[in-house]
Amino acid sequence: MRSRVRERRGFARRSPRPFGRSSAIPWIYLAPALVVLGGLLVYPVYQLGLISFLEYTQAQVSGGEPATFQGFGNYAELFGDGEFWRVLLATVVFAAACVVSTLAVGCALAVLLTRVRAVPRLALMLAGLGAWATPAVTGSTVWLLLFDPDFGPVNRILGLGDHSWTYGRYSAFLLVLLEVVWCSFPFVMVTVYAGIRAVPAEVLEAAALDGASQWRIWRSVLAPMLRPILVVVTIQSVIWDFKVFTQIYVMTGGGGIAGQNLVLNVYAYQKAFASSQYSLGSAIGVVMLLILLAVTLVYLRLLRRQGEEL
Amino acid sequence: MKLAPRLAVLLAAAVAAATACAPQTSDNSSSGKDEKSGTLRVWLFQEVNNKPKEKVVDAALADFERAHEDTKVTVEYIPVETRAQRIKAAFNDPESAPDVIEYGNTDTAGYVKDGGLADVTAEFAAWDEAKDTDPTARQSVTVDGKVYGAPYFVGVRALYYRTDVFDELGLEPPKSLAELASTAKKVHAAKPHLYGIAVGGAYTYGAMPFIWANGGELAEGKGGSYASAIDSAAARKGIEAYTSLFGDDNCPAAKCAGMGGNDTVTAFASGKAAMAVGGDFSHQAVEAGAAKGKYAVVPLPGVESGSIAPAFAGGNNIGVLKSTAHRTLAVDLMRRLASKKAQGELFDAMGFLPTFTDVRQQVAAKEPFVEPFVDTLAAGTKFVPASPAWATIDSSQVLPTMFQEVVSGKKDVGAAAGDAARKMDEAFGSAG
Amino acid sequence: MRRPWRLAAEVSALLIAVVVAFPLYWMVLSAFKPAGEIESSEPRPWTLTPSLDSFRRVFEQQEFGRYFLNSLIVAGCVVIASALIAFLAATAVTRFRFRFRTTLLIMFLVAQMVPVEALTIPLFFLMRDFGQLNTLGSLILPHIAFSLPFAIWMLRGFVKAVPEALEEAACIDGASRTRFLWQILFPLVLPGLVATSVFSFISTWNDFLFAKSFIISDTSQSTLPMALLVFYKPDDPDWGGVMAASTVMTIPVLVFFVLVQRRLVSGLGGAVKD
């Protein structure tokens, strides 16, 4: 497939496109998107950056006191706080675990979907879509009820007695991870399944005839062909899981026993928005944005080096 | 693209003179107008079962509209869960702001600091019914000696216990906090599947009476500035007393450290606990559970045998917004909504306890269930520091973190209380 | 594939489906359980006395029908507007080469990384200055903005998959650019639009944050999540009500899913048919 991509690029370069001559056209097509994004995303993000350099609390918002310029004061306060670094580390590790688990479960089930007949396929698909459709607040609440040490059925089924899932730091993170995987694997599963379906059957048959194992077919045939799709689902998972908010907030009661399960987004909320210290919250938001940006850019660069194109 | 140069200009201005291009703010000064007719907007909290409340409110509004010509009132019931956004938004956008609001009494100081509530000290003093308002309720609308609303109802907590379990084990309801602990342990020893008393590491309002009963305070303040007192010897004794209830001999830390107030009440209601600290507002939840018909309520005891621990007086107030264009009318509406008559009816409809001592005595006579709660209120209640910093302390979970650190063995009482005191002082300091 | 293998695969697929669906089942079950049975020390996966009380509390709320309609309007507007705008933008970035193209693509990616919670404050003032507070517009506009980047990013693959030869043929036949865009390209990309619409629909339908930040004084403009939040009372949450309201909220999304399920799969598949 990669060779086909190259060929097409070459073709495009040799013969100018019939409709692609005027350089104004793409900008006309882009105009509505740019107006909406510029006004409702870029401008607010700019405001966010600005606020992160100011002293800005509810008193300033209400106009009671003037906003004063703080330089990097808010950032200095943030970086000087040991808890921030602890939360940052937890966020990165937790998000990475979520991304890897979601991708693994999603891809495995996508392959499984291609191996079964219509009825089990429809059942699994519908169950997945149901999990996807559930509002995050509700999903978190239901999972909490299911794993409740006193009132939940899970401990009964597993014979765990009254083991509390939210008490230990790691077991609480594990519980949240399970919920996050539950509500985000369907996206990966459906997308990758759709991708596999689009792969010509002859390719897979040929591989099977050669006696390749399932794992090997996935590794050497499917994964490379699905790369564009995998890129999209990986980047999306990174973005979504790094920003996890509702699940942690609801399931660990706002950050767990003595704040042990805080992640950056919840930390920003606790620290700042709940108590109207918007400037500190904005600084955390900017830091999150920069981290995500760095991760994605590195990832895209790696892909590019391997010959993929945006 | 016009955006780029505009951004560049703004950015340059930001560096040059930050105040000149500060992000938007709102002009939230009082409107100065005092119109005598028109439409008033009221926001009240939406209860899960809201119909009875609407009836009581509608009756008060009908009286109000009859008394003032050419006035109309529109009421909106807002979900409690969204109140923070709504009310802050109302302060920031006077266009959408109502004239009169219901608000939680722990939010008073914060809203005053935000410049949202109107000072009604003079009108409150001139109101004949106000003299019967109980002192803690009055304190909950007061910041720096000025009054910012009328108390609407109070919520207070007491000790629920299982009569069947106590009878079976030959136990009496505890008379002191020490007895409470020993009774709880006796129950758990005899019936290991029950918590003696369900306690929660995140149940701040359930833990406060232990601190107060031991002579401790959350914070001490004068002239509007506060300093944390949570690490004083007396307060530490209270923390010790509360956290000693967590353990395998009563309420295992693994399960109880993360529980909040509602979780402890649920544990009691479903028959998992022999005792719990619950509010008058928890009555319905307990009635719906397995504990129905097998429980009674007594005031939470204090340190001395036979005394009552000071409870936290929660509840809601009715206030007038500074930005109202109908100040006189709005104050009158506030008085009608929170009048003795309306509060009495509100109790009949919703079971919310009146803030007037005399009205409260009357309803206690009608409904024996509320007696222990009224007794608790009569014995004296306490309130959180009337500082805008309280919202910060509350939302950044300073006290739950402290209890949880002790309960989970991460820190001892002294260290945890010291850290909590430092965080509280930081909040008091920055809130000014 | 050999028989026993397929059987094993099908059995495990069914088992996994049961596990995945179990939380949903528990949600619906809890909605039908009478109060007090939801948190009992005997958790039973059935109830002998199903009750409609929780649903009654949901439907009896002030203007519940209005909320439902508002949610539909908001989600509908967002789905249509973001699909059209994203289609144009995706065409621009895939079928044209121009300066800043890669930069723009990365910008669209970056736009998704902004923590939404942090943006509500600036957005609030923006909406106020445009006089949009308390209108459905204050929900529709930001949601379009937040769905667009992902929609553009997803649609690229679909637009790319349409052979260039088609474009040349249309040109030779004398079709105008606009005609090619709407009468030839648009229908071909439609399955992709369905797939991306699913995302904008779900994120808009399930949104609590904007709904409670921008609709301040006019409850007639509130959306469904408000009918759910009523039950999350700090001291006394009503789990039966929460579950019933969630069930009511989830059903339309499931219906939508079932309707587009086939198209969703064939649509998403198009992204790799490069």
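Every chain is named by a letter (A, B and C) in the order it is written, and numbering of its residues begins at 1.
Quick note on the criterion: a contact is a pair of C-beta atoms (placed from the backbone, for glycine too) under 8 Å apart; a residue touches a chain by one contact, two chains touch by 3 or more.
Predicted, not measured: the structure shown is a model, and the values here were computed from it.
The touch graph of the protein chains shown is complete.
Just to note, of A-C and B-C, the chains joined by more C-beta pairs in contact are A-C.
Subunit B and subunit C have centres, each the mean of its CA atoms, that are 37 Å apart. Subunit A and subunit C, compared by their mean Cα positions, are separated by 15 Å.
Contact with two or more other chains is made by residues 43, 47, 51, 61, 150-151 of subunit A. In subunit C, the residues that reach two or more other chains under the touch definition are 39-41, 122, 125, 232.
Among all residues of subunit B, those that touch two or more other chains are 23, 26, 92, 266, 270, 272.
Put simply, subunit C touches subunit B in their complex at residues 35-36, 39-41, 57, 60-62, 122, 124-125, 128-129, 133-134, 212-214, 216-219, 226, 229-238, 241.
Taken together, the subunit A residues at the contact with subunit B in this complex read 34, 38, 42-43, 46-47, 50-51, 53-54, 56, 58-64, 66-69, 149-151, 162-164, 166-168, 252-259, 270-271, 274-277. Residues of subunit B touching subunit C in their complex: 23-24, 26, 41, 43, 46-51, 76-82, 85-86, 89-90, 92-93, 95-98, 155, 261-262, 265-266, 269-272, 279, 281-282, 284-285, 288-290, 292. Put simply, subunit B touches subunit A in their complex at residues 1, 3, 7, 10-11, 14, 18-19, 21-23, 25-29, 84, 88, 91-92, 110, 113-116, 201-202, 252-255, 257-258, 260, 266-267, 270, 272, 391-392, 395-397, 400-401, 404-405, 408, 410, 427.
Within the complex, the subunit A residues that touch subunit C are 1, 4-5, 8, 11-12, 17-20, 23, 25-27, 29-30, 32-33, 36-37, 39-41, 43-45, 47-48, 51, 61, 109, 112-113, 115-117, 120-121, 123-139, 141-143, 145-146, 148, 150-153, 156, 182, 190-191, 193-195, 197-199, 225-226, 228-229, 232, 235-236, 239, 242-243, 245, 265, 268-269, 273, 278, 281-282, 284-285, 288-289, 292-293, 296-297, 300, 310.
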